[in-house]
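Two complexes follow with chain A in common, the first pairing it with chain B and the second with chain C.
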Partner chain A sequence: MSWAWRVARALLGSQYALMLEYRAEIALWALSGVLPLIMLGVWSGSGAGVAAGLTPQQISHYFLAAFVVRQFTVVWLIHVFEEDALQGRLSPLLLQPLAPLWRYLAAHFSEQATRVPFVLLMLVVVGLAAPGVLWWPSPAELLLGLLAIQAAFLLRFVLQVIVTTLCFWSERAAALDRLLLIPYLFLSGLVAPLDTFPPAVRRLALATPFPWMVDFPARLLAGEPVNVALGFGAIAAWCLLLWPISRVLWRAGLRRYSAMGA
Partner chain B sequence: MAGPIIRASGLSKTYRISEKQPGLAGTIQHLLRRRHRDVLAVDGISFTIEPGEIVGFLGPNGAGKTTTLKMLTGLIHPSGGELEVAGHEPFRRQARFLRQITLVMGNRQQLIWDLPALDSLRVNAAVYGIEEAEARRRIAELAEMLELGPELQRPLRKLSLGQRMKAELLAALLHRPSVLFLDEPTLGLDVNAQARVRDFLADYNRRTGATVLLTSHYMGDITALCPRVLLIHQGQLFHDGSLADLTQRLAPCRQVRLELSDLQPTEAFACFGVIEAHQGHQVRLLVPRAQLTERVAVLLERFAVVDLEVSDPPIEELIGGLFRQRGEASVTGGVP
Partner chain C sequence: MKRYWRSLRCFWGTSLAAELEYPLNAAIEFVSVLGNLAGSLFVLQLLFAGGPSLGGWSWSGALVVLGLYTLLDGFTTCVLQPNLSRIVSHVQTGTLDYVLLKPIDSQFWLSARTVSPWGLPAVAAGLGLIGWALAQGGPEAAAGLRSLGAVLLPLALLLAALAILYSLWFVLAALSIWFVKVWNATEVLRYTLVAGRYPVSAYPPALRLLFTFVLPVAFLTTVPAEALLGRGSALWAIGSLLVAALCLAGSRLLWRFAQRSYTSASS
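What follows is the complex of A and B.
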C-alpha cells in the first residue's frame, strides 16, 4: 500500500469520525445553505424566469441543482486555519512531514460525507412540499455533475488557500474572505442562472472563476446543454493558475510565521 | 553521526512588534501611524549538544527559551547566525529532518481533542510511514512505559491532564525521533505525574540514546534529568555547564547549619561568615567556599556542636536571586 494512500485513508477515517461527533452542527450548516431554494421560490413566484426565456421546469431544476452544488462546495478552510494559527495549533502540524493543507482537505471531504444524509433528507422534504419538482438526472448527467461538483469544490478550496495564506500577515484574514462573498454570490449563478445575465455581464462573469463553481455543475446536473470540456478545462486552468500563487504565498508566509501561542 | 547533533552559532531572532498607547488617542494614532519596535528575543547564542545528551534550558519569562526552541525545530526562521540540527537546517523543514525530531509543548496538544488518542496515533503512524504492525508494537511498548492502557481508547477530552500529557508524549515519540524538544512537559501535572513523566523520559533516553533539550517550570525536572544546563537571560547565554558549576558560579558561599548544645551570643559567629539566622541552639551561616574546611574545623573546635550540615542554597533561589538582581522576577519558563 503506498504511503499516500495510507495517509489519505487514515486522515479521511479520523476526520470522518471527528465530523460525526459534530453531526448536529453540520446539520445546521446544511440547513443554512438554503439560499438556492429561496431563490427558487423568488424566481418561480415572480415569473422572471419565463421573461428571461427559461421554462418553470428549467428554473426549478437549476436551483435545486444549485442547492446540491452549494451544499458540497462549502469551503471553511480560512476560519479553522486562522483559529489554529492564533491558538498555536498550527505549529505541531507544521512539524510533521505532511503539509497541513492535506489535513484540512481531508476534513472538508469528510464534512461533505457527513452532510450527505442531511442533504438527502432536505431534498425529500422539498419533494414532499412540491410534488413533481424533483427529477432523476441520467447516469451520465449524474456522474458528470458529481465530478463537476468536486472539481468546483477544489477550485473554491484553492482560491481560499490563497486568502488563507494572508493569515500569516494578518490576524483577521477571514474578514478578507468575506470580500469574495459578494462576487461569488452574484457571478457564480447562485442567485440567478448565468443565462439570464445581460450579455456583457455574462462575458465578464465567465472571465472569473466564479461561474465554474456553481453555474457549470448545476447546469450539468439539471440536464441543461453545457460545454463539458470547456467547463472542466476552465476549472483546471484556474486551478493551475491559482495553485502556484498559493504555494508562493504559503512559502513567503511561513517565513513570517512567529508560531504565536505555541 | 559524528560530532554534535545540535550546533547553534551566533543564533539570533528579532521580532518586529507594533506598539499602541492606551486610550482613544492611542487607538487613533495606532490606526493612522503605527509605531513599530524591534525586540531582540535571542541575541547571538552559541552552543553545541552531543547525541544522547539531556540538556536543561533555563531562563526567566521572556528570556528567549521558547523562541530558541522554535528556531531549533524550524517553526520560525532565525534572524541571524547558523543552526544545524541532525545534519539539517531546521527552517527548511525537510521531511527527513522532521522525521528525526519532535516537539512537545506542555500547553499545546497535537492529538485530536474529540477523538480517542488511538485515532490520532493511527494518522501519525501513516504520516511517518510506520507499518501498521510495527505501529501497534510501538504503541504497546510506549503505552507500557507510560502506564497507559484503556485511556488510549477514550476521547482525549475525557482524560485527566496527566493522562493527556502521557498520550501526547506517546504521539510525539511514535516515530522514534532522535532529538526531543520538550517545552514544559510537566506543566500543570501533580507531583506523582511529574515523577512518572521524568522517569519515562530518563528511561526513553537510556533505551534509545535520543538527545533531549528540555525547558521546565519545575527545577525538579531539571535536577532529576539534566546533567547539563543552558541558562539564558535577555536572549543571551549566561551559563553552559553542569548544575553544580552553575551553583558554584552563582553561590560563592556554602550554607553551614549548626545545632549547638549550649546557647551562644550571635557575635561569636561573626568571624565565620554571614549569619543568615540564629535562633536558640540553631545557627545558619554562609561561609565562603575557599575557607569552608578551615572555618568548619574551627567551629567544631570552639563550640559544642551537636549536629552540622553543609549544603548549597537551593538552585531556584540562586537563579531567582540572580535575575532579581538583574530586574527579573522569576526563573521559570514562559512564552516570550
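What follows is the complex of A and C.
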C-alpha cells in the first residue's frame, strides 16, 4: 500500500512538473475547447431551445457546464501512445515494474490540474463579456458534478485504451480515433442538449456510452433534475464492460509488439 | 513561373504516391466525412425546430453555409494541414535551414510541398450539399446564378475565403519562428473556425463583431453564401476581397520579417 502511494506521488509529481513546463501548449489546448461556447451562442440566438421547453438560463447553464466538463474529460492517450510505440519509447516503459498505462493516466490527471487556471480565466472572460451568465452551484451539486466529471473521464479513458491497443497492429491507429469522435461529438450532448433530440434519437443516444460523458455531468453541474444513481451506475456498468475487453486486447497486442527501434 | 509549375507537379505527384500507401485511410476518411455531415445536418435540424429561420436564414440558405464550411474543411485537410503544421517541426529540428537555402521561394515551398487526397471526400460533399440546397430552395434560391457576372462573384468570394483561410493558417504556423512550441496553435484555429458552420447572423451581436473583425469567420462562409443566394451586397463583397488582399499581403510581410528573426536551431 505504501509502495502504491509512493509510486503515485512520484508519478503525479513528475508529470505535473512536466506539464507545467509546457503550460503555453496546454493553454492553447484549453482554448481549443471552445465548441460548447460557440454552440451556446447559436442556441441562445435560435428559438429552438425555448421550443423544446428550456429557458434561456437553462441553456446557458447547460452549455457552460458542458464546457467545463469537456475541458476536464479530454483524453489524448492514443496520440502519445502511437508516437511512443512507433519510436520504440514504449520498450523501456515495459521493462519497469509498473504497467505503462498508469504513467499515461498520471499524465492525464496532471494535465487536468495544469488546465485549472486557464479554464477559470476563460470563465472569467465569459462572465465579463456576458454579466450574470455565471452561477455558483450548491456544494452538493458541485461535489457530485466533480465526481461525475472524473467518472466520465475514466470511462473515456477506458474507451480510448481499446482503440489505442490497435496501435500494436496498425501504424496509423490514431486515425481511428477520429471515427470515435463523431458519435461522441453529436450524441454526447456537446453540441445540443439531449432534451432537444427527437425521442427516438434520444433513446438511441442513451443506449450508447456517450451521453454519460458530457450530458450527465453537465446537467448535474447546471442544477438540472437528474437521476444521480442511474448516471453513476451507467458509467460504472460501461467501465466494467469495456475494461476486460481492453485488457484482452492489450495482452494480445503486447505479444505482437516487436519493439520498433530496438 | 514555369519552374514553380514543374516543382508543384513533382511535389504533389510524390506525396500522392506516398499517401496512397495507406488505402485504409481512404475508407476512414469517407466514413468520417459522411458521419460529420449527418451529425451537422441533425444539429441544424434541431436548431430549426424553433422556427422557420436561423438568424434570418432559411433552411436551404443555412445548408449552403454548411456546404461551404465542409468545402473549406476539405481544402484545409488537403493542403493547409499537411503543409503548414510541419513548419513547427522544421523550426524545432533546424531543417528550416535547408528550406531557406533552396532556389525556390520558401513560402511557396512550405505551403505547397505536399498534398493529401483525404480532404477530397469533404470537398465533394460540400459541393454536393451546396448544389442540393440551391436546387431544393427553388428558383429564387438560385437567383444568384442567372448571369455570368453573378456566377463570377460567388467564385471570386470563394477564392477570397480560401486566401483568408490560408493566410490565417500560415501566420499562426509562422509564429513558431518566435515561439517554438506552438504546434497546436493551428488546432485552436481549426476548432474556432467551426463557428463558420452557421450563418454569422445566428450569433449574438458581440460574437458577430468578433467573427467579422477579429477572426474573419463571416468572410469564410456567410459572405460567399449570400452571393450564391443572390443576396450579395457590394459592400460585403468589396470588404471580403479587401480583407483577402490584406491577409495575403500580411502573411507575406510576416514571413519576410520572420526570416530575419530566424536564428536556426542550436545556435
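Keep this in mind: the second predicted complex is superposed on the first by the 261 of 262 C-alpha atoms of A that agree within 3 Å, B and C clash if a C-alpha of one lies under 4 Å from a C-alpha of the other, contacts with A are read in each partner's own complex, and residues count from 1 in each chain.
Basically, contacts are C-beta pairs under 8 Å (C-beta built on N, C-alpha and C of every residue); 3 or more make two chains touch, one makes a residue touch a chain.
Keep in mind that what you see is a predicted model, and the values were worked out from it rather than measured.
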item: Chain B versus chain C as contact partner of A:175, first or second or both or neither; value: second
item: Chain B versus chain C as contact partner of A:257, first or second or both or neither; value: first
item: Partner chain in contact with A:44 - chain B first, chain C second, else both or neither; value: second
item: A:237 touches, of chain B and chain C: first, second, both or neither?; value: neither
item: Contacts of A:7 with chain B and chain C, given as first, second, both or neither; value: first
item: Residue contacts with chain A in the superposition, chain B compared against chain C; value: C
item: Partner chain in contact with A:204 - chain B first, chain C second, else both or neither; value: neither
item: First, second, both or neither for A:128, with chain B first and chain C second; value: neither
item: Which superposed partner A:191 touches (first chain B, second chain C, both, neither); value: second
item: Footprint overlap on chain A, comparing chain B with chain C; value: 22
item: Partner chain A, residues of chain C touching it in the complex; value: 22, 24-25, 28, 31-32, 35-36, 39, 42-43, 46-51, 54-55, 179, 181-185, 187-188, 190-192, 194-195, 198, 202-204, 206-207
item: Complex contacts: residues of chain A adjacent to chain C; value: 22, 24-25, 28-29, 31-35, 38, 41-52, 129-130, 170, 172, 175-176, 178-179, 182-183, 185-186, 191-192, 196-197, 201
item: Residues of chain A touching chain B in the complex; value: 3, 6-7, 9-11, 13-14, 17-18, 21-22, 88-89, 91-98, 254-255, 257-259, 261-262
item: Residues of chain B touching chain A in the complex; value: 15, 70, 73-77, 93, 95, 98-99, 101-103, 105, 107-110, 112, 114-115, 119-120, 122-129, 335
